[in-house]
């Protein structure tokens, strides 16, 4: 972090303000997913009007400056080799992946972030042991996250191909994007904010994103609370680097996941979705996020699907 | 295999008959997914009437007689330990999984099965190398599989808790289940056939399913072709064991994946879906299958989501 | 544990007695390896008189009742496939292994066992975090363990092919084996005790060794202390199951590793060594144990080499 | 490769010349290890005169430009957490490693290199399948490699801290180092050639060694043949980059492993051994290489131990 412009004390005030808006009771483990009511889910299905589906994930990435511990896929059986199975042969493989990291598309469980010794809703950080998270694991959302997705495209608003690393998106700019795109973000929406991170990566190559990364201004989390969004996804990890908060490296992670109970989706890919939205002349869609069933898990690789 | 009742020659005739019904052109790589037209997908969204979502996957399983090489999840960071990140701490983990196997819920890509030296649609088995599948990999369905799901519950039809290992479901029985459940399986549907495998496993414990397993009779694949289903999922792997076909261990895999281009979903979990369907008094729903983006992959772990 | 014949209180007395014999100072991290002096190592080299080497490890095992989470080796490159490397092609692979377990040959680091909240020599158990062991890791023996090895063959003494699971080897029996084999175990020796576990496994197949396993009687650890052995290896894990100690499942692990600072080598393979010793008409040899360099590690797979 | 100074044709002549010196019969699978006779092994044990052991391996490395797919070690159990084992608790972990690569110390099996479609001694490259190497796997040396080790320190000879990437060591220079160090390399010796690679890495940090790396001149393989060395190890991978051979990227790998049957040990660490040799005023020692028992494996991580 260099040149912080928000003091630790101001951040704490913001944290408490935002946390006060996530009042679902002491036993709650779903956080902002509570905003997705049955009625809203039914309404979201009405977004399916073109009969088209689009991935919001990027392919498993190989090693790079933003991917020092890449996932891997290894073959176990090749179908052209002699088979021990009568009458046919199989292709089979095995995967190894870190659940988080800075390039593969994934969802963060509510156990992912500890602040002041507690996870979301005051759950003790010690519920996470070497065996996994006894509470707030990703398997709490085993039934998937389904609702109306909205994409706000910040580079489009600014008329540039991408935000440069380090740049931040404020609440005001999110509102401006809504107006420009003629879409309104409301309760229970799955909000996706495009900063152009992945397009920049595709065109210029990967860089050390741990040091410089476009993201949301911490203040934008007030917008998340106010609009009652259910989840937040980005083609970066939503947190800009360096952080502008003195002494807090990932303020949006703290505010969204820990204070507000908003699941984050990191390092998504919107470059297929943008032209689909343009073709459909709208920026909302049905969206389905289906984490793997990993009891105790701190998140999951995902491939969110937009259905237009 | 013991006591085969279908000769190798009869099976070959069946194979050719079924393959003749998958005529999407020599370059086709989507197979029966072609049945999911835009209109059918839009119609499927109208199934969302209750505003409820249900997982069709089982949690990552530990070792057992049906799971000799279990997947694993290991912690990388514990949030209660001192953090090297300023102002917060993270919980993070890593996963290792075989994509196929006999217990974890997964989807088979069209490259998964070679018969007579070729994969689906005559693609040479040699396209799959140690680097992965150059064609027909699971990333060909990166945009997800979305359509109307239909669950046919065979134990319900028979009035028993589950089919015993080795028992088979015929086409006639599928039709009988349709009638009993007052649902009709049609073009582009995602068909799920419950044999009670997982409930038996939950109640009696795991067994060596490689030797004995309930599944579909090979002849039921004619039903798949005729009804033009898009995918087939089961709480077993759709193939009964022992096989009734002389010299072919997995006849349904060969007929469905290789001949007909039907993606199979293996070892799903319907015990959450059944009561949801009962409560909704219907056996159809919107269904979303979102494979991970694994270029070259032979399949993917998945968590299919039913939306009612 | 069933039918314990040593009370918890008696065990504690034994623990304190044995621990009192490992007095290398508060900062010591080598434990009984301190017994291997330069002079003893030089003397051990004189055991090389036949010019023959023998492995004391078993091949990487596949899944079984004693191996629920088997290690794996996957190919990354096949040399018969087209190569991206000019002028040649490579075969390459990748391994995944649990360091401990009940079948693959491995060494336990001194951080492996906590008793009463502390590791060897009073080191707090909390030095082991999700990042690994900050103290007493296997990398503390990065320079290898080299000394005189002695094999005591208990089934040979008893005139049987193997000890049955649950049977125990007492100190008196170790002494009897010495006499029968005309070898004396002394300070700095690497002691290997064969109970026939692996031969039984080879002949009868694997079983659930967590429940029944031949090993040493806890009292035999007094012999280890008295003779000042440097390490203890066995073709089981040295601890019999069920334990005869009330409330302590692995008493030999506690006494050897935690109290005495004796590195244990588990699930070795002596069936190549026995005929070599017979041919050489002696039961001592130079022995070299070379753990992988795994900083923070709790042990390592190993292939100890006997040189006769 | 840039600016090759050895033509493809000249290389082929050299290959045939060298291969002609590895005549152990068509069924041989040990190659140059045949040079280690019983007498030579016994003689090597006489090198143990100081009673000191030294590791020749480097610690498991983290990600870097020379380590894009780093190995990993993950904790499975922490001893300070509540234990399910009565009376004690365990620390346990799991490792994942690529066997080869450009930083972790490892040995190459004789199946590692295919040239003109064959491995060492004319074995077809196709013996290596997705299941592993049916012949020439690392488990062929399960009994370890034990003999006299000799370290030739080229930077010492040149009076510099390390060879710069791209520089090569000729046969003449090896001979000069022998003379300077007053040691003679002879039949059955385990030859280690220090180019200073790892010291440079420690002092300047890692770089992209795939592009530039110090190593042996291909002609030095004539020296290996003539001196009848049993294995060759280096703190680089013995092959310089870029290659000076037109169209052959790793000429030393081809000549040593494939033509001569010399196992290579790559990316060793001599910075502990050099001061030990200086203190002992000699450059020879007993050396023990103990590959893990990985049937079908293309090599193994190793920790060679020098005993002085």
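Letters A, B, C and D mark the chains in the order given here, with residues in each chain numbered from 1 onward.
Note that in this section a residue touches a chain if its C-beta (ideal position, glycine included) is under 8 Å from a C-beta of that chain, and two chains touch if they have at least 3 such contacts.
The structure displayed is predicted, hence computed values, not measured ones.
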Quiz item: Between chain C and chain A, is it the same set of residue numbers doing the touching on each side, over half shared, or a different set?
Solution: same
Quiz item: How big is the gap, in whole Å, between where the Cα atoms of chain B centre and where those of chain C centre?
Solution: 45
Exercise. Indicate the whole-number Å distance between the mean C-alpha point of chain B and the mean C-alpha point of chain D.
Key: 47
Quiz item: Where the CA atoms of chain C average out and where those of chain D average out, how many Å apart are those spots?
Solution: 28
Quiz prompt | Contacts with two or more other chains, residues of chain C listed in rising order | solution = 72, 75-76, 78, 94, 96, 129-131
Practice problem: May I ask you to sort the chain touch graph into line, ring, star, complete or other? | Solution: complete
Practice problem: Give every residue of chain D touching chain C within the complex, in rising order. | Solution: 1, 8, 37-42, 44-46, 48-55, 57-60, 73, 75-76, 78-80, 83, 85-100, 105, 109, 111-115, 117, 119, 124-126, 128-133, 139, 142-144, 146, 245, 247-251, 253-254, 258, 272, 286, 288-299, 301-305, 307
Quiz item: For chain A, which residues count as touching chain C in their complex?
Solution: 72, 74-76, 94, 96, 130
Quiz item: What part of chain B is in contact with chain C in the complex they form?
Solution: 62-63, 68-70, 72, 75-78, 81, 96, 129-131
